[in-house]
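First chain A sits with chain B, and in the next complex the same chain sits with chain C.
Take a look at the complex of A and B:
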């Protein structure tokens, strides 16, 4: 009836996903090639291909840089970007709140505190030195989420956007000061304050990439499985209950899953802001709000964005490497203001 | 179909619904009437399993508390008085959510039957032309019609409505009530609704429950419940004189 009111992006578009996959692969190759030591595309492809199939790698190729430094980093960045963006999209749908994200509502800070405490106290798991840190980060992420939502609920039973964000901001500031305290008094056991507040992928390895990959596979599958329910929540929690969603159960499962995934990411890379906040918005602009399309699109968008941010952090002021959070915050904040302004204007 | 026995809802020390019992039978449109704070909306929230309550609510002998969420949604559909969508979902997507309770599995797409139900609901509510429109661009009346279409697509046996035409202009009020009356004409259906407008309650209701301060004051056929004595006692004013006076301006 009214063309101006009709949606452009009603249908699932396989072309969009084909383009995103191609874009992700190209970005990954670009990130392996570009750096303080430039590497040609053919060297990169040859090294990765030969390593994959156990073939000898020619002497003239910088095998160590490609396979032991850049490739694990690129894998970790892509997986963390995808994870954070997926969590942001799920959280924004679940809480029906476009400002929700691990970093804005304090979940990432909670996870960082858990990781710092575990490192400072030397908490480990038998057979896995890093498992203790990761599990503590996951537990703290979930605890933070429950605490923030409980406080917001006590303040305002409708769990209004403003209440959650306000409490999240205050909680983040409070937690940051505790992290700062712990790092000050246990600096020999834990990583720098800069790492926990701004994030970094420097020195990551294949084991961490595997952990991230496994976490994304498990948690991502759970989140994607609940895409119908996320649509219902995004329309309204009461409406979700009325159409037959088991609201309490689904909410708890999604919150635990999000906390676990954010916990794993933060324990490996520190707190990286804005990925989970901005990328779902961009994905929503591309494919619409339906979570069956939005979640996979957010996953790709997050991976590509964080890869480019990491590339910029490594190369902009080379040999000085910036914290990745500096780049994501600079770009993300500007992008968010533009998106929010456009959305408000259109709405 | 639906039987509520001794329903009591408390918020802390405050009793909002106090020992209310009633039955809803096939073909009935039961109006819950009463002044503000009478507990009408809380009572229907209890029936929709949205608030904890004491007492028992049965669906054809089965306690509603023992039903799974989807099982309940296939029997009871709820239209709230105020609905708003935060993201740019299309009308069709929102209406399609009404078929959630019939999903076969998370990988399953929308079945032919689901598509038919959505098409039918859109047709009933006159929203076919707006099916691809963003919910964010709809007027209040169109939004309410979209959510009514969602409940129609849900295909429940009982429709629960909390002031369905609240904040709507007269034209939309008439549309919504006519749509619901048409829906009720099909066999095996019943409607339970909260309505503030007593004229609408008398016009469309077959039966009524009159409530005041959480308690049931009178129940039965609408004509028998909406008597001057009952209404004057509950509202503390001469209701017929007030409504008659308003009406006389148009004669």
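Take a look at the complex of A and C:
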């Protein structure tokens, strides 16, 4: 089973990767060209092209809007979409639970609580203005994940779908009320409740894009390296143990990685729900359950979906801007019901 | 004989003197929910839920009648020691009844019918005050003046506001300059005040056009639109809490905003020191003066009317 040929068949061919990358780039180009302020294609292309090669950029409005507002936003959205979707796919495989995702099992709200507390209490890392918030968000994300899983485990050792989701929902409600408490009493220090509950990419910059990129590079490659183990987990933890997977260690590493990545995303964009839940499923329908294919497919699908959702949030009611969570939740809630219905029928 | 005439005259004078007092006995007002409210005498104990109504009461000299205030009432500072009652959907009927007011002034946004009914059944009249434009503020001031038996003081406050606005209108010409009001800063997602807000009206008084007059009320807007509309002036009402850059400096330093007219010319102004700009009360005139002084500078300075 592990000979070279079947491995090759399991993985995507380079041409598939090229196609996926092309699709993502095309979506990004679309999202940079279309916005609430119409800018001609030639101005857009000139601004981006000249910036890329360090040529002098013509001083006009296109430069400011495209390079300082739209491009950093598109980059952040793509990276966050890819990260959240990858985390969702990994979590669903690890827990053998089709409804697992940062926003359904409470990890995202845990991260948001961490960020809110760090902002309210003024926790900072020397030398980096934002590092304290990010690290606290990561720590809280991991803490929530461990707490939810151990509660679910105590309730039901098989970690069945229903008990995890139930605990996740209750945990999310509990955390949201604490977040609104902190926001009420320290509103001057932290962002609005709306931001934390619905998410927003308004006002993101290149530094945040770099941070997201770095986080995705590090955490993403860790998760992708464990595709094989995730396949084993998907069959069952005993199965994983039998084929020689160090279950505890792998589980811990993947959980920490997921928490870190979700923590970074949440501290930059708030909780953008449902991306991590829905996109892995769509990817699974397209490429099947093998994580060697599923993880990269989910990564690209998440990026493309979130880019389109943000495009809708930015342009549908221009000049008014919607919260991105409004769009993803609208699409996501419907998809959630369909998935739940189908899995129940299958089971 | 002459003594008789004198005493008759005195009696007549006394009667005449009493007439207004008699007329004042019964008070009838139509509140801003179009409900007629009748009281047997001017109010001496009142609870005001909204900051603007507290300001109106104090401006017409009725601070002593105020026995309870809503959560966000903070001006003038002297009222902050009064008992605070929950407002909005969390309106606590018990808390209000315990203060034994004759009237509660509130907005009609989030109280339920039941809450209002409960208050009225217990003998507390509910008067709705909800100004959405400057005319509405005048109405609220006159209405509260009538409730308190202070019509003259109310008229004086209205006249003072009108005089300030007229004074400014007479001095400015509409030169087609635009202003962008920033209600919520970039890091929280931009919000602005569109048409149908006090800021929009005050901009008009000062001869400016609101850059977002195609949007209704307060709205979340895209950063691209602000840059593209390139306003001549930026007014932010972001509070400064002693951390990070000042709101004005933060706007001046934003990536991509450096070529905007307002930023290049340093025409960015923080109006958060007084929350007068967004509060439908007598201090709208101070806000107008503040805005005028910012736009037209020292040369055309108008002193806030006393």
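Here is the rule we go by: the second predicted complex is superposed on the first by the 315 of 347 C-alpha atoms of A that agree within 3 Å, B and C clash if a C-alpha of one lies under 4 Å from a C-alpha of the other, contacts with A are read in each partner's own complex, and residues count from 1 in each chain.
Here is the rule we use: a residue touches a chain if its C-beta (ideal position, glycine included) is under 8 Å from a C-beta of that chain, and two chains touch if they have at least 3 such contacts.
None of the values given here were measured: they were computed from a predicted structure.
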Quiz item: If you stack the two complexes on chain A, which partner ends up touching A:251: first (chain B), second (chain C), both, or neither?
Solution: neither
Exercise. With the two complexes superposed on chain A, say which partner A:234 touches: chain B (first), chain C (second), both, or neither.
Key: first
Practice problem: Examine A:293 and indicate which partner it touches, taking first as chain B and second as chain C; both and neither are also allowed. | Solution: neither
Quiz item: Of the partners chain B and chain C, which touch A:284 in the superposed model: first, second, both, neither?
Solution: first
Quiz item: Taking the superposition as given, does A:318 touch the first partner, chain B, the second, chain C, both, or neither?
Solution: second
Quiz prompt | chain B versus chain C as contact partner of A:61, first or second or both or neither | solution = second
Self-check item: Contact set on chain B toward chain A in their complex
Solution: 48-50, 68-74, 77-78, 80, 83-90, 92-94, 97-98, 100-101, 103, 106, 129-130, 132-134, 136-137, 147, 150-151, 154
Practice problem: Could you pull out which chain A residues touch chain C in their complex? | Solution: 35-37, 59, 61, 64-65, 67-70, 122, 188-189, 191-192, 194-195, 200, 202-203, 205, 314, 318-323
Practice problem: Note which residues of chain C are touching chain A in the complex, please. | Solution: 184, 186-190, 212, 214-215, 219-225, 227-228, 230, 239, 241, 243, 255-259
Quiz item: What part of chain A is in contact with chain B in the complex they form?
Solution: 1-2, 5-7, 10, 93, 96-98, 225-228, 231-232, 234-236, 238-239, 241-247, 284, 288-290, 347
